[in-house]
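There are two complexes below, and they share chain A, which is joined by chain B in the first and by chain C in the second.
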Partner chain A sequence: MPEFMHAPVLIVAVLLLAAFITPLLGKRQAATNAVFLGAGVVALVLSVGMTLRVLAQGTLSYPVGGWPAPYGIVVLVDVFAAYSSLVLATVALIIFWFAAFGPREVRHNGAYFTLILLLTAAMQGMVMAGDLFNLFVFIEISSLAAIAIIAIKGTKESVEASFRYLVLSALGSGGLLFSIALIFMITGHLNMDYIRTTLMVTAEQYPLNLLTSIGLMVVGFGVKAALFPMHVWLPDAHSNAPTASSALLSGLVVKVYIIALMRIAYLALGLEIFALFPIRHLFLALSTGALVAGSVFAMVQDNVKRLLAFSTVAQVGCIFLGFGLFNQRAIEGGVLHILNHAVMKSLLFLTAGVIIHQSGIKKLSQFSGLGRKMPLTFAAFTIGAMSMVGVPGTAGFISKLYLALGALDADMLVFAVLILISSLLNAAYYFPIIISAFFGRDSDAEATDPAFAVLAPVAVLAGMVFFFGMFPSLMVPLVRQTALLFVR
Partner chain B sequence: MQATSYALTLPVMVPLMLAVVIYAVGQRSWQLRNGLSVAAALSSFLLVVQHYRTIMADVTLVAEFPELLPPLGVSFRMDHLGFLVAAVVSFVWLLVTIYSTVYMVKEHAKNRYYPFSVLTLAGAMGVILSGDLFTFFLFFEMMSLSAYVLVIHEETAEAMRAGYRYLMLIPAHTKRFLWRRSCPYCAGAN
Partner chain C sequence: MVIIERLYTNIYYLISVVLFIIGFHTMLTHNNLLKKIMGMNIMDTSLFLFFVSIGYIRGGQAPILREGVIQYVNPVPSALILTGIVISVSFTAFALALVVLLHKQYGTIDADKIIALRSRRHA
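Coming up: the complex of A and B.
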């Protein structure tokens, strides 16, 4: 079946092409929006087609330009890559929609859309890469684009935050490059399949090189994915960016690095070698720290976007916890949480942006009574917050349930308790916001719900929170097969 | 003896859907809002009572939805005790709703009170008719969260304080239920 055979490269190509067209359109707003959203829609269609193909026919290995490995670059789309690509395409399209019709926060939409499209193209390329150097190129593109979409707001804080992100992210990239160089030294290959087969023979001869390489890799991806305690750049960066950037960064970008790391773990290193090093224990320890510290830091924030950013630190911990526990249910939970957190955190960031734009209020202490003035916006915020806490019927509940069942399957009761504690902590900082907004004393702030066009993408995300909360079975075949890649 | 009856979900689903309708019409007509609230409780009661003959014939009704919320699934079940409690609760709720249409006349925020009261009824019926601890947990959470809005109805400082304490206890309680539920799970089910 030849359908969607070229989808893996077409997704990246379409997004890249659109990225170069948007600045050429200058001030023609309608045309810019059309190209921007059109690229998102095409990427989504290709991604859906590719996912169906992978589900029907198994892993799709695509040699770029017809050059076979090890000479050419291979794009390798397995179920995990297809799932990630689908999540990226869906959530990114909704954020594109908001960026095009939501409140304007940047002066040149053309340039802004270029950066967003570059970032999305790089993320799509990253989750499908079958070659370490190709992966590294996409990591660099996405890092630079991510830094630029923070700084584009032009305020002092955002430039400072993006500079800090630049420095730490460059350190991470340096670590990754060094780690890839060490792997190349041991195996002589950059193609992940070839690395795995060669490592089986050569790993024993170079244990120290391999250890250094894996250490650098975990730290490099850890910095970029904001794994506690390497998260220090995240709160400033995510809270000072324009709204659409915050949603994109918190919802998708941090997770792409987790996906890339885990793909390297089973594709390039192989599970046997991955299991030789105490990476899982590291994940367990650090995600425990993230879940507790992220929530505790979030509790003391007064700026709504900073609170959401710290909550991301905790939720990234949740995803790592799934991979740390490393059994069927836990990995299903972690992988589902990639989708669920992307949906709910984008929802929360977009509503927070709408609230800030409509009322001019950033501080939670001034939210009192605001919910009665803008009921629809705060209803959407409530839905996102309930999902974060893990109220049944919402998406967040499903992934936390799977993670808790995974912890029980692994006979590690302490992590099931940890998940319960973390949802209690989430309740402790999300519920007071909602209570004061809906039932608090009226403040003299003037605010109303925005126009329908602004709220439509938010409403779609809120619907998705309920949809994936009620019918997770839609994603289950993909998620189950993904988990089987790790626990065969 | 057991028999499958998907009508078992109706005492839960009818108030659940009517709660949304009541919220929507509440802005326009108070008569329709109050009428629908009473109708929600009444229909819930009647939908329970219709099973009287079946239950008295010693038939336990079940409705299972294993595909919903995998891996655990949702199920409903009605036996003698469940029938009795469901009938009593929905009947009392009916009386309370009729009473509150008069009592609440002078109160504020009635458009909030009625839909959340009906939503709490749906949660309560779900708790009573649940067929396993997981379903129980789902509806318990729904019931407790919507009851929060009823708890703080006054919106005085005292009510808010009490409400906050209540709200923080819900996750603690429900998580304990989930916890109890998962212990047999890890011991046997897998």
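Coming up: the complex of A and C.
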């Protein structure tokens, strides 16, 4: 099957090309939407084809421009990259759909779509990069675009939040570049495969370099992925962004950095580093903090989008927990949670955006009775919330189950209990919203369900929550092989 | 003497790490947004110095094949740093644009005052 040979670069190229076309179309709304959505569809098709190819023929290594490995840049698509690319392409396309037909929150849709496309292209490039510097460039593009899609809303709060995000993101980038420099110093390579083979020889000679490098890397990616306690920028940034941006940022952007970090761990550094340095314990400790603190902070929020943002902090902890426990089922759970959380958090952010747009109400304390006025929107919100809590039959249940089983496999009962507690905490802050919306006293707010075109992407996401909850086996081959990359 | 010699051979690394810390510190502790951006630039520059000095060899020549030259400087880090500079410039430009916007909206570029103004609006 030579068809999807060039898919890894084509996905990025198509999205980038579309990013440069959309602003040229000016006020032609239909054409802008067509280019925007067309690029998303093409990326999804390429991603599906690439995934099938990787499943059939194994890892796809693509030398860009035909230059072979140590000199040229290599794009390395293994099962993890294919899975991540598929998740990105699918969820991003649905968010594109919402951005094109949902309520308008930014003045120039052409410019907004450019930034979204740039962000998606960079994320796709990031999960497939086989070269540290190439990875770094994609990280920087995605950071800039992620900041810009917050600031484009233009309100006082969003500009302030995006500046804070910029400062911390730049700190993270500095740490990452430093750590790449330290690795380059002791290996002389930037290609991940070559780094791994060289490190087998030089790692023992330069343990300090490696330790510093790993520390800076975890901090750098931790800041960008909002790993507790480096999450301080996230609540403001995600809650003040336009709706589609919030969904993209919370659903996909934070996870891409986790994927990049784990790919560096097994591709470039080799799994031995997990034995040499206490990375796992760090992940376990920080994710425990994230799960508890994120949920507790979420409980005291009165702004619906801030609540969702804090919930993201907790769920990022969940994904790190899977990698911290580090056994087959826990990693499967963590990897599945990347997909499931992307679906359910996008769903929640999009419905929250619709609710705010239709009713003008941001505060949870005023949601009372709104559910009866806009039943479809709140039904979608309920589905997302149920999945966050982990009600059986929804996607969230599957990944939490796998994480809990992984905790038992690792003989760490305490983390299984932690997952249970976090689910209970989720229930404690999601269910009161739903109960008051459907059964609370009527408020005098005027609100109706929006047009079908706005709700369609939300409905698709809600369907996906159930689909992945009922048929998790669809993703099993990818997830199982991904876990095998870590636990050989 | 050994320490001085080691300092001398690693002087570029030392200076870049010191610059990195200065930049890092400026970025996190200064309230003036412009100073934060300056800190970001100092940090980036220190990393460029670090990267370039990895490839530098004392007495090494520019990597152009000529007769009579034995030692060449590694060109890879310098090439990477070109990209790094472009990234740093775009970050700076974008950050400055945000500062202009913030100044328009809040009338100040002091981080503490901006936060105070924001929370007053909320209350």
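Following the convention adopted for this analysis, the second predicted complex is superposed on the first by the 487 of 488 C-alpha atoms of A that agree within 3 Å, B and C clash if a C-alpha of one lies under 4 Å from a C-alpha of the other, contacts with A are read in each partner's own complex, and residues count from 1 in each chain.
By our rule, a residue touches a chain if its C-beta (ideal position, glycine included) is under 8 Å from a C-beta of that chain, and two chains touch if they have at least 3 such contacts.
What you see is a predicted model, and the numbers here were worked out from it, not measured in a lab.
Enquirer: Should the pairing of chain B and chain C on chain A count as a clash or a fit in the superposition?
Expert: fit
Enquirer: Does chain B (first) or chain C (second) touch A:Val167, or do both, or does neither?
Expert: Once the two structures are laid over each other on A, A:Val167 reaches chain C alone.
Enquirer: With the two complexes superposed on chain A, say which partner A:Asp442 touches: chain B (first), chain C (second), both, or neither.
Expert: Neither partner.
Enquirer: What is the contact status of A:Ala148 with respect to chain B (first) and chain C (second): first, second, both, or neither?
Expert: Second partner only, chain C.
Enquirer: Rounding in steps of 10 degrees, give the angle chain B-chain A-chain C taken between C-alpha centres.
Expert: 160
Enquirer: Considering only the touch criterion stated at the top, classify A:Ala416 as touching first (chain B), second (chain C), both, or neither.
Expert: first
Enquirer: By how many Å are the closest C-alpha atoms of chain B and chain C apart after the superposition?
Expert: 30
Enquirer: Share the list of chain A residues that count as touching for chain B in one structure and for chain C in the other.
Expert: On chain A, the chain B and chain C contacts do not overlap at all.
Enquirer: Would you mind writing out the residues of chain A in touch with chain C in their complex?
Expert: 133, 137, 140, 144, 147-148, 151, 154, 156-157, 159-160, 162-163, 166-167, 170-171, 173-174, 177-178, 181, 184-185, 190
Enquirer: Help me check something: in the complex, which residues belonging to chain A touch chain B?
Expert: Residues 329, 386, 389, 391-393, 398, 401-402, 404-405, 408-409, 411, 416, 420, 423-424, 427-428, 431-432, 435, 439, 470-473, 476.
Enquirer: Spell out the part of chain C that touches chain A in their complex, as residue ranges.
Expert: 20, 23-24, 27-28, 33, 36, 40, 43-44, 47, 50-51, 54, 76-77, 80, 83-84, 87, 90-91, 94-95, 98-99, 101-102, 105-106, 114-115, 118, 121
Enquirer: Flag every residue of chain B that touches chain A in the complex, lowest number first.
Expert: Contacts found on chain B: 67-72, 137-138, 141-142, 145, 152, 155, 160, 163-164, 167-168, 170-172, 175, 178-179, 182, 185-186, 190.
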